[in-house]
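Okay, structure first, notes after.
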Amino acid sequence: MRKLLSLILAASLLLGLGSALAADAPTEIVFWHSMGGVNGEAIAKMVEDFNAAYEGKIKVTVEFQGTYDDAINKVKAAGMSGMPCDVMQVYDIGSRFMIDSGWALPVQEMIDAEGYDITQIEPNIAAYYTIDEKLYSMPFNSSTPLLYYNKTAFAEAGLDPEVAPKNFDEIIEMAEKLMVKDADGKVSRYGFGMGNYGWFFEQWMGKMGLHYVDNNNGRGVDPATKVVFDETGGAEAIFNVWKRLIDDGVITYLGRGNNDAKAAFISGNIAITLESTAALKSLLVNVGDNFEIGTGYFPNIHPDDEGGVSIGGGSLWMLNTGDDARQNASWEFVKYMISPDVQAFWNAETGYFPITVATHELDAFKDNLAQYPQFGTAIDQLHSTAPQYSGALLSVFPEARSLVETYTERLINGEMDVAKTVENLAKEINSAIEIYNLTN
Amino acid sequence: MSLSDSLKTRTAKPRITVKKGFYATVEPYLFLLPAFTIFALFLFYPFGRTIYLSTFLTDKLGNAKVFWGLGNYRDLFASSSFWASVGVTFQFVAIVAFGGLIAGLTTSLLTTRKYPGVTFASASYAMPVAIASAAASMAFRMILHPTNGLLNILLGTQINWRGDPNWALFSVSMVTIWLASGINFIFISAGLRGVPDELYESASIDGAGYWRKLFSITLPSISPTLFFQIIINIISAFQSFSQIRLLTEGGPGDATNVIVYAIYRDAFFNFRFGTAAARSIILFVIVLVITLIQFSFEKRSVHY
Amino acid sequence: MTSLAARKNLAKLGNMLLNIPMLLVILAPLIYTLMISVMPPDEIYQNVLIPSTINFGNYVKAFTHPAYNFLTFIRNSFIVSTSVMLGQMITCSLAAFAFAFLDFKGKKLLFILVLATMMVPGEATIIANYLTVSRWGWLDSFQALIIPYLTSAMGIFLMRQNYLTFSRELHEAAQLDGCNNPRFMASIVVPLSRPALGALGAYVFLNTWNQYMWPLLVTNSSSYRTVQIGISMLYDIDAESLGLMMAGVVIVIVPSLSIFIFMQKQLINGLMAGAVKG
């Protein structure tokens, strides 16, 4: 009898072992992202570490997909013939599109299934990706816009290097003092310079406490049907600031996007600029010891604005592959990417700020902050913003942002005045929204 | 017996003179089959499809959704942005086609004689042919940088070559001319080589100087080459894309928004495949008309 | 030295010297790119033209860092370019043979059709091709990169031009000897047209290597990405390294430049032979 029992025991042990071994082929998932340069290198390292930690169980293949714009196109094209990847990094303005597409598996479902504690995530950040109390994607590389200034230049110009300008009135005042002209009148340093970046436009709306589109800024039950920035005077205020800057001769136009402005700041050709927190690390690396970098809150349009900034950057979306094993594996990967240690590393390498509250307690994070206090400004700015300024959701955001940049250029060239710019911009964006709603 | 008769009787196999077998009639088409299959699949069919798509409004995935008839065309013709795009394209093509020709002509003329270093010079002038437009665009992105670029360093200026609407088109054109100079050099040099020396010698005896010879002999003699080259330059200029994408993204405003780039934006950024398709059909018609005009021009000014 | 010879030498010297500014204009971009790629970063921002020290760090990074896969990209570009090159050499030669040596119904019409393909701008077909290819599930594959380009009007013209220089008697004599067309083509025509074939091959290889738009659209993963797309990876919206970007450009240019230098004579002569008549 005992022999039979032990035989049965041995047999079931073997069976158990066998099935465990059989289940040991690692689940393979694919992760798409749009981080290049230094940030891309950080991602590669993070994935490598994950694969090492989960060896034999999960294997992540990471693929860079070009810019955010290119990446979202890939998903669209591939989406027609099946999901091309499991986890995808999509930019902030692609959120509405992803929700509408039906390809995304809201992370809320995984959260509910596991009972994951959502308070671990910074509420202001989660707010952006939450609609109707449902968190659709997991925030990952979040940034806010920041003001950067050259402390050394400030001291030279007789300005207090510890005080950053808070609004455009102050910026213009300081810029006049910071400008350096040589003997023949050629400007070797402008006080202020910024890139023509559509994102800033959206941020200023929030700073003024205004909506970009209708239907509760696109977050209502129905999607947005038109812009409201022409009705509220918000666009006008922003374009007026541009006009002032150009007319006063205080800035030089530095093109679309941020790269030229960054380079100009690094080489000392401009003393104040606006950029994302995500650029902090690369700025520190490239500036080195040439001068000290100061950071301040994103400037107000009017001195008495009381709104806040919303986050930019991107988030991780899980795609509906219908394969349970892969979806579970993807969830593990997503949780890993936002775990405090990983976020501390990510923050130190890039300047994106940590989305997990617990990160602030980690030594790695605190040490980095002590060495580079500039990292703290973005966090403070976010904490002092109320969640209601979480920003708009719009299906045609990429096109809208591009149109904002185009019309800003037109304004700067003097092709049209402020009123006309606002009018035409609103018209074009509205038409794009209409067509999208008609065909989708 | 004549030669042909003897040839005929030499072979043992009967020479088929009248009845062309089935295989013989079909054979030429078999030779053409591979090429035409590819053309059919990837040129004729998509072209037809594009015409079809241009009459629809599409959803974000590119499926034809709402029949729109000529609506897309109507909207385009009514849009100032579209006409700005057409204007920009024509300017760009004109600058680049003639600029490339002149660049090629200059470099060819500089290398007709034999002197030490002429092989190196020739290789260098042809070299742009081997450089990808994307690679060159990235390199020129650096060169044209407003604060740290080579051009501003050398000239001592602070011009924003890519962001200033007055300079953007010029900058993109210069990059394209640089790229095109290679193929222009190759073909025009070939043409120059074909001009008989006697023409020059008799002109020298008549006392003609360098410039006289250039305009009365060289240019007329290579006019077929120049004509052919301009057509190639024009067709190629209409298709220039990566320079625009990497240097200016169609901006500032619409300053460098050539039709090709507008098509890309509409299709792959705004997700409006119908409008993009309409633009490409319009582009095709433009290129066709220009080429036809050029061929009629040929009869009048090209000397053989 | 007679005054005529002296004048000739002076003219030669003048000619030589005139080349210098032109050469500078043509070569400067490449030299500058090279300089930036080996320059320490702070010097780039100080507008230094010649680096004080040479630093190959950027190249090492491009090849070894897990975020970049330049060796794979180069391999992919080679696979695609070589396949397209061989494919075009075959299909264009076959088609050109038909147009040059054979008579058949609709010859003129079909030839005009070939002419017409040159006039259809890539953009008119790229969208539809993209939609076709994704419907066939070919996205992210070598087929998508190779098959659409297996023939070209330019190639057909080039080879036909070359074949037209053969005398008709050659074909007739071969037929008399009982040689059928395929054999005639394989054993006589092809060997004789080697220079033109070589030129076509080199030209097609270079053009395919330099493609940007199509690979951008149809490839997603580094397993299939080509080298031109690789360059865009070095550029990021938030973080940028100019030196690394320039290193990428150099890496991408070197293979095509090498092929060009190696095949220079053939390429130029082959293209020229087709160009003289226009």
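Here the chain labels run A, B and C in written order, and each chain numbers its own residues starting at 1.
Quick note on the criterion: a contact is a pair of C-beta atoms (placed from the backbone, for glycine too) under 8 Å apart; a residue touches a chain by one contact, two chains touch by 3 or more.
These numbers come from a predicted model, not from an experiment.
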item	value
Chain located farthest away, centre of subunit C as origin (C-alpha)	A
Inter-chain pair with the most contacting C-beta pairs	B-C
Mean-CA-position distance for subunit C and subunit A (Å)	39
Distance between the centres, which are taken as Cα means, of subunit C and subunit B, whole angstrom	14
Shared interface positions of subunit A, touching two or more other chains	73, 80, 263, 267
Two or more partner chains touched - positions in subunit B	62, 148, 268
Multi-chain contact residues (two or more partners), subunit C	45, 47, 217, 232, 235, 242
In the complex, subunit B residues that touch subunit C	7, 10-11, 13, 15, 25, 27-29, 31-32, 34-36, 38-39, 41-43, 45-47, 49-50, 53, 62, 106-107, 110-111, 113, 115-117, 121, 123-136, 138-143, 148, 150, 153, 178, 181, 186-187, 189-191, 193-194, 224-225, 227-228, 235, 238-239, 241-242, 246, 259-260, 263-264, 267-268, 273, 276-277, 279-281, 283-284, 287-288, 291
Complex interface listing, subunit A residues touching subunit B	69, 73, 76, 79-80, 97, 101, 186-187, 196, 252-256, 260, 263-264, 267, 269, 396, 398-399, 402, 405-406, 409-410, 412-413, 415, 432, 435-436, 438-440
Touching residues on subunit A, where the partner in the complex is subunit C	30, 32, 34-41, 43-45, 48, 61, 63-68, 70, 73-74, 77-78, 80-82, 84, 143, 257-259, 262-263, 266-267, 276, 278-279, 281-282, 285-286, 288, 290, 350
Touching residues on subunit B, where the partner in the complex is subunit A	57-62, 65-66, 145-148, 158, 160, 162-165, 249, 251-254, 265, 268-272
Residue ranges of subunit C touching subunit A (in the complex, touch as defined)	41-42, 45-47, 65-68, 130, 134-135, 137, 139-140, 216-217, 220-222, 229, 232-242, 244
